[in-house]
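Take a look at the following structure, please.
Labels run A, B and C following the written order; every chain starts at residue 1.
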């Protein structure tokens, strides 16, 4: 989230799209209702009328997988109706940047496309550069090649007629949302967009979010109270575990995975440290070398020296363009290229797409270590239905893991608040937390290398490791230490003392930190700030529900990101009633500003607000994504239509997919699979259901797998409410109980009727008679940027069956 | 002694007799039927956090004699103000139901059953498997002769259920092993 | 002054925090349930569920979907007929606590004959008490009398995220209910309070009670 949970109350218009907030983040509705109480408009755009819709002013049904068309239409509306916030757009975004001639767009393809590799040469998507190396800018927006005009032309095709034809949303409903939400393009109004995996789990997932960013930038809604693009993050610590990068492509703190082409630390730093030629751009990532060196010092301690490149050479290097994500790991497993692995606190045999493939892939492992609270479809895959254990070779170690109240430490909530939890009780039986599994395991492996030798033991033996895990100690390691006595603002810190802020991290090896974003969370002066429970606020902070003294928030306790964009050139808030920061008597008050510099009116010291972008401006034109600098509508990988109104390019030209025998796809407008399936969760269960199906009081409330469908479809198929049905896709078949409801209705898409059904994915065979993985139906097609699978849209068929085997 | 209403009910619940019960105008038997003692009375309050979505509602765990007695929302936390959803409300039985794994389990190749093992044996076995795979499969150089020091045949999946500190431990350990197939729930 | 609940259904998201929190606090075991084509589960009140959220969907006059949620529980009537009926058979089987107004089942209830217990249940204008075959007790919401006696809120109210539920002195709750009603009427012209003169659980409904549950209102 750019903002945080409480801040939602400051909104004048709330667009919930790609999220079912009331069901999946129920307590968010405390703050959504507070906004409603204060007069905010609440809109829910979603295929299904849900518990969220029930509390919104209105619900707009949309065919799953057509969000960019819907949002592109809104961009077109903003431009045509001149709803955009001119001072903001001209000064704070790259609207004025002039594009080079090499950029082009024709019939659904941007310039630089290579069909053989399904990739773009992104160097074509360049700006014109002046003699200083800075982008040419036309603040008058007269130049037809400036971003604003090129963008306006791009979205001029997103007419109400075209958008309505493909999304299945009536023109009246489109206008209703556009008019209400775009009314927040005024300085004293704020609109927020709340999304979740309903947007990310598409082959155009990243571009869904980009489209929302364009809207929010045009309306001046980023950085302000009640604004922002707010990813309602799902998993308990998905924010923190992303920050700490349990992800192949990154190191903790949002640094790229080292690649083979960067053989030395110097190569790495050079390639990953941007340079700006715009004088008033802060270009915060120019500090990256300090954070990376401090990370290496954290990992390798005294063994990391300037002479040995701080042990950079010991780190694994990936290949450029290689994909080591979940989906590729599973595909390699199926090909027999994986020997073994660790699956901790996730249940891929239920929650990954195309589960039949995933379950077959897991059979190829020699060994598997699972850390879990309960037996799961993953731990027990070897004895799944229709599987003969006598033929399953995989050796499985199932480690009982401790759960939240049985351990201590911190998590980071969706609003980036670092919250400490105490240990209430001892873990059940012999259960252990994950660290108490890893620490002794690594110590045993180190001991084996010490005594027996082996391949390249250096990285393991040089690790700055520990004998016994202590959460507090690791929280301090994350914050970081001085590696030698250092003076900061007249105060001397001894070697081993905590670094007070990331501005004190150094490239010379004199500091360590396992994650620069968290430096400042535990200091010598104030101790463990994640434990703070102080509700003190200034009156200005109280107005917008800012609690700077409760816990701590990354970065540097800044509660609203990009908050320098909430003020004008002189540091005066666009909306004084809900000011986030304000320049008063030579200093900032309110939230912690995005950097200490004075407002932009100070030509020498002032800085542009989007400090994480090299050129300081938010990117309406975003050349960093693999699939295009502007979001463009493409159909899902499996689509009920054979064409759409925007181009001949039916599906994303870049989406990734696999080609094993399990990776079958329906044809476009395939008569065998005419119905759109979308998947979701619900309040009472959690993701794949591994935890919540084992809580009897929750299973009681939602006991078995269902499929929600319209009365029209049910009638067409001869299905009655409560009947057993079989849902089939090109990849698998799933049994469910029919829930026939007015909350789903047929869509008219490109002139024909398209039915959409919805199913939760929380049920699995280890819970008797509740049904099995819905994801046996879903598709193994992925967003090209993130490799997130398209579990929110695929094509299926459905029929009534008399005998159920999975549900009883 | 100040016989407050709360104290009075508690004494009835505990089966203790207050002097001169009749002075309260109660029929003892009737009152006793519903005067349960407050189950969290005297329990230690421990601050924890709901383990489901990333609203991260703060929760008070009531603990007595090392056992969980009850859980409820922390009214002081500015985000949830004491409230919880169905999942958060079910935390207590989440910890007290019979489904939890409590011992390391081992399933041998081609076996049809789990066997209980101790931690020492289990971790020794896993360490051995990891080292064998690492020694056999570690890639020191790629085809272009560049140093890559990576291990492709072992993977790690999950875990957004880990604390930040556990994540830091895991990331450091896995990169130390040379693992590149490292991924978690941000991608599903 | 008796205690009173306000249940403002115009704020309810059916998260079922109340339904589950009630079970957890009262240590009630789970029922084996089935999916029958509805989110409402368990389908009805039962000895192990003193509170359930009822779901009801219909189309309004403009063909818009309306999905109503009704967290159903004992109304703790100001003049509880169940107490009167039970008293005729076994005095003290059901009692009304003077201080809180809570209508409570006592252990004497187990001595009611099955027929008498059924008569007590049938007398309820809101179809609340359920008979537990194992314990021979009538079961229903007890207002979390243990918590209320200790100055705490009932567990369902404590748990509610959206402010759909409030609990306090009757006078305050009546005032709050009026305030909420006026607010709700702006969006829902048919909004009303259900039987406010008779019960300690004030339901604010956005439209006719029949669109919630057949026993949502008396008569």
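The rule we apply is simple: contacts are C-beta pairs under 8 Å (C-beta built on N, C-alpha and C of every residue); 3 or more make two chains touch, one makes a residue touch a chain.
Computed from a predicted model, the values in this text were never measured in an experiment.
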Have a look and report which chain pair racks up the highest count of C-beta pairs in contact.
-> A-B
Farthest chain from chain C by C-alpha centroid distance is chain A
Separation of chain A from chain B, taking each centre as the mean of its C-alpha atoms, in whole Å | 25
In whole angstrom, how far does the Cα centroid of chain A sit from the Cα centroid of chain C?
-> 40
Mean-CA-position distance for chain C and chain B (Å) | 32
Multi-chain touching residues of chain B, meaning two or more other chains, are 71, 80, 83-86, 88, 90-91, 93
Could you say which residues in chain A touch two or more other chains, in rising order?
-> 26-27, 30, 683-684, 696-698, 701
Expected list for chain C, residues touching two or more other chains, is 15-17, 19-20, 24, 161-162
Spell out the part of chain C that touches chain B in their complex, as residue ranges.
-> 15-21, 24-25, 92, 95, 97, 99, 104-109, 142, 145-147, 149-151, 155, 158-162
Contact residues on chain C for chain A in the complex?
-> 11, 13-17, 19-20, 23-24, 29-39, 41-42, 57-59, 64-69, 161-163, 183
Hey, which residues of chain A end up touching chain C in the complex?
-> 22-23, 26-27, 29-30, 33, 37, 49, 51-55, 58-59, 683-684, 696-706, 721-723, 737-743, 807
Footprint of chain A on chain B - complex, ascending = 46-59, 61, 63, 66-68, 71, 76-81, 83-88, 90-91, 93-95, 97, 99-112, 114, 119, 122-131, 133-138, 140, 142, 144, 146-173, 175-188
Along chain B, where are the residues that touch chain C in the complex?
-> 5-6, 9, 13, 27, 29-30, 32-39, 41, 70-73, 75, 80, 82-86, 88-93
